[in-house]
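Reviewing the structure listed below.
Chain naming follows the written order as A, B, C and D, and within any one chain the residues start at number 1.
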Amino acid sequence: MNFLYDPIPFIINWLNSLMLSWGWPVDVVQVVMFVLGALLICVGAMLFTTLLIWAERKIGGRFQDRLGPNRVGPWGIFQTIADMLKIFTKEYITPAGVDKIPFNLAPVLAVAAVLSIWAVIPFSETFSGVNINIALLYIIAIGGLGEMAIILAGFGSNNKYALLGAFRAVAQLISYEVPMVIVLLIPVMFTGSMGLNDIVQAQKIPFIVLAPVACLIFFISSIAENGRAPFDLIEADSELVAGFNIEYSGLKFGMFFVADFLHAFTSAIIFTTIFLGGWQGPGVATHPILGGFYLLAKTLIVYFAMLAIRFTLPRFRIDQMMALNWKILTPLSLVTLLVTAVVDKSIPRELMAVRIGALLVANILIWLVADRLFTVYSRRHTRLVVSGPRPLARPDLKSSKEERASL
Amino acid sequence: MTPMQILFLITGVVILFSAVMAVSARKMIHSALWFVLALLGVAVVFAMLEASFFAVVQVLIYVGAIAILIIFGVMLTRRALEDNGKHINRATITTTVIVIFVFAGLIYSLRLWVPLLATTTPLSSDHLDVGSLGLAFTDPRQFSLPFEITSVLLLAALIGAIYIAYERKDEKK
Amino acid sequence: MLHEWLYLGIFLTVALAIPAAALIIAGILAPKKPNPIKNSTYECGMETVGVSWVQFKVQYYIYGLVFLVFDVEAVLLYPWAVAYNKVPLYGVLEAVLFVLILASGLIYVWRKGALEWV
Amino acid sequence: MIPLWWYLILSAAIFCIGLFGAITRKNSIGILISIELMLNAANINLLAFWRYLYAQQGDLRGQVFVIIIFVVAASEAAVGLAMIISAYRRKQTVIANEIDSMKG
C-alpha cells in the first residue's frame, strides 16, 4: 500500500497522469500543477495561522495567569474565526494625504514576503518545495522585501509616528540580519550546498550538536527578526503608538497581524530545518510520511520556546538591543565562523567521533571565553542610570535597601 | 514568440519604465522606490540568464542593502527636497540629444558583430554549481587576489564613510 | 534550473495574489463612511503641524552602512562555503584573512564610538 | 530561446537612461541612483556575455567581474551617501551645483 507510506507524491502523480490522459500538453500540465501546489501551500499556511493565533493567545493567557479566549466554541477555539469575520467587514479608513500606491501595496507585500519563504521548505523526503541550489540566500533576500514593505507603510502613511516607527523597525531588522547571515555560512560549510533539502539530508547528526553557538545566535537573531518580545520595539505600543502600522485599519491592519504570526511560525520551521534536522527521524526511509510529522513536532517545540520567551521576558531598550547585536552577536558570530572553519578543516572527515568532539569542545571554549569577556566588559563599563535618592513605597524597609545599594 | 521571449519583453518594459521614472520623479523618495522596482526587474533578467546566484544576490545586496541605505540618505536630507525649484537642470534637451546619440552609437557599433545572433542551450547542473565560483576564489592561479582585494576595498569604504559621516557629540561644540 | 525558477515565479505571484484578493473582497464587503475627522492623521489627538518630516538621527545611516559592508562580505563568502569541502587548507586560511580584514573595520567603528545608539 | 542582442539592447537602453539622469538631475542622491542604474546595465551585459559565450566552457571570468561590480557599487553608495549627508549638515543642501567646498 504505497499510498499510506507516502501519500502526497502519490496524489501528485495521479493528478499528473489524469491531466495527461485528457490530452493536455506536458508544459501546461506542469504549470497547472505548479499553480495548484502554490495555492495549496499558501492557503494551508494562512489557515494554519488562524489556528496559531488562537494557540498563542491561549498559551499566553496561561503564562500570564489568565484564561485567554474561552467564550466562542470549546476552549474558545473559534475566537480567531469570529475575529476574522469581524475584521473582514470593518471599514477601511484611508487618512488624508496618504500616498495611495505604497499605502495599499505595503500590507500585501508584508504577507507575500513571508509566504514566499514556504516555496523552498522541505516537508518530507519526497515532498518538498523546490530544492533550488540557493535556497538559503533566497530566504534572506525575501526578508529584504519585508523590510521594503515596512518602509512603504511608514512612508505612505504620511504620519510622523509611522515614519519614525518604520525606520526604527528597519534599523533593527537590518542589524540582526548581519549575525544571521554570517552564522548561516556554517550549515552551508558542513553540507556543501545551499539547498534546504540537501541541508536536511546531511543532518544524520543535527547541526545543533556540531555548532551549538551558531545555533543560539541564529535563534536569538530570528526572534529579533520577528520583532517579538524581548525585541518588540517595532510595535512598542506605548512608546511609538504602535509603530509603522498606526494608520492602517480593517483588513489592511489584519494583514500586518497575519504577517507577524506567520513570520514567527515560519522562522521556527526554518530553525528546525537548518539546525534540528528537519524531517529526519527514525523510520523516515521507509515511511516518508513520518517526516512531515517529525517536522511539525519539532517546529511546535521551537515555537513554544519562542512563546515562552515572548511572554516572560521584559523588553530591551533600543540602545541595549543595538549593543547586543553589534557588540556581542556580530563579533561572536565572526569568531564562531573562523574557529569552526579551521577546526573542521584540520580534522579529516572520516574520524566522525573525533570531529564532533573537537567541534563541541571548540564551541564550549568560544562560549566560555565570550562569557568571561562580557562579564569583564560590563563590569568596567557600568553606566549609572539613576542618581539621587529614590522614592520608596515602604519607608520602613529603607535601611535594608540602602544596605543593598551600597554593595 | 516563445513564452520565454514574452516574459523577457514584459520584464524589459517594466525595467525601462521604472528606470525612466527613477531618474525623472520629482520627489526623491518616489525616485528611490521606482529604482527598487527596476532592480527587481534586473534580478528577473539574471534569473533568465540562469545565473540564479546573481539573481538572489541582486535582491539581497541591491534591494536589501543599497536601496535601503539610499532611502535612509533621502530621509536624512529630506528638508532640502521640499524646495519648490526645478528638480532637473536646464540642459534637458541637450542631454536628451547626447543620450540618443550615445544609444545610436552603441547600436551602430554592435551592428556587424558576429556573435550577436548567438543563442544557447540550457546549462547542465555542474556548470551552475555555486561552489565552482568558490573554488575559483580560493585558487591562487585564478582569482584569490581579487577576492582579497574586495575585502580591502570594503574595509576602505567602511572606514572612509564612517570617518566622513560620523561626528561625535563633543566635536560639534 | 529554469523549471525551478518558474515554480518560484508562480509561487511569488500566488503569494501576492492571495492577500490582494482578500483585501479587495474585504473592500467590497466593508462599509464606507468617510468624514474629515475620521480621515485626519492620527497623532494622539493633537492637530497635525507641518509635513510628516522629523529630524532623523545620523545613527540610522551608520547602522545601515555597517550592515551593507558586512552583508556584502557574507554574500561573497557563500560560494566559498559551498566549496568548503573541496578547498585545501590554504583556501580556508584565505577566507580567514578575508574575514579578519573586515573584522578590523568593525573594531575601528567600535573604537570610534559609532556603534553607540545615543 | 532569446538571442544575445536582446539583452545587449536592454542594457544599452538602461545605461542611456542612467546617463541622462546622471547629467540632468540636480539632487546628488538622484545622481547616485542614476549611476547605480548604469552599473546594473553593465552587470546585465557581463552576465549575458558570460552566459552566451563562456558558460559552456566553464569559464568564470564574467561572474567574477559581476561580483567585483557588486562590491564597487556597494562601496560607492556607502561613501557617496556619507559625503552627501556630511555636505548636507554643513551647507543644508543636496543640490550638486551648490556643493562647491571641494574646490581648492
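One rule holds for everything that comes next: contacts are C-beta pairs under 8 Å (C-beta built on N, C-alpha and C of every residue); 3 or more make two chains touch, one makes a residue touch a chain.
The shown structure was predicted, so the numbers you read here are calculated from the model rather than taken from an experiment.
Among the chains in view, C has its Cα centre nearest the centre of the complete protein Cα set. Between A-B and C-D, more C-beta contact pairs are found at A-B. Averaged C-alpha coordinates put the centre of subunit A at 29 Å from the centre of subunit B. Distance between subunit C and subunit D, defined via averaged C-alpha coordinates, is recorded as 21 Å.
Distance between subunit B and subunit D, defined via averaged C-alpha coordinates, is recorded as 6 Å. Taking each chain's centre as the average of its CA atoms, subunit B and subunit C sit 17 Å apart. Residue positions of subunit A touching 2 or more other chains, listed in rising order: 132, 137-138, 163, 167, 174, 177, 192, 194. In subunit D, the residues touching two or more other chains are 67, 70-71, 74, 77-78, 81-82, 85, 89. Counting partner chains per residue, subunit B has residues 48, 50, 52-53, 57, 60-61, 64-66, 68-69, 72-73, 75-76, 79, 123, 128-133, 137, 150, 154, 157-158, 161-162, 165, 167 touching two or more of them. The touch graph of the protein chains shown belongs to none of the named shapes.
For subunit B in complex with subunit D, the residues that touch the partner chain are 2, 4-5, 8, 12, 15-16, 19-20, 22-24, 28, 31-32, 35, 38-39, 42, 45-46, 48-51, 54, 57-58, 61-62, 65-66, 69-70, 72-74, 76-77, 79-81, 85-89, 91-92, 95-96, 98-100, 102-103, 106-107, 110, 115-121, 123, 127, 132-133, 136-137, 142-143, 146, 150, 153-154, 156-158, 160-162, 164-165, 167. Of all residues in subunit D, those touching subunit C in their complex are 67, 70-71, 74, 77-78, 81-82, 85, 89.
Against subunit C, the residues of subunit B that register as touching in their complex are 47-48, 50, 52-53, 55, 57, 60-61, 64-66, 68-69, 72-73, 75-76, 78-79, 82, 122-123, 125, 128-135, 137-140, 144, 147-148, 150-152, 154-155, 157-159, 161-162, 165-169. Across the complex, subunit A is touched by residues 29, 33, 36, 52-53, 56-57, 59-60, 63-65, 67-68, 71-72, 75, 128-131 of subunit B.
For subunit D in complex with subunit B, the residues that touch the partner chain are 1-10, 12-21, 23-27, 29-30, 32-34, 36-37, 40, 43-44, 47-48, 50-53, 55-56, 58, 60, 63-64, 66-68, 70-79, 81-86, 88-89, 92-95.
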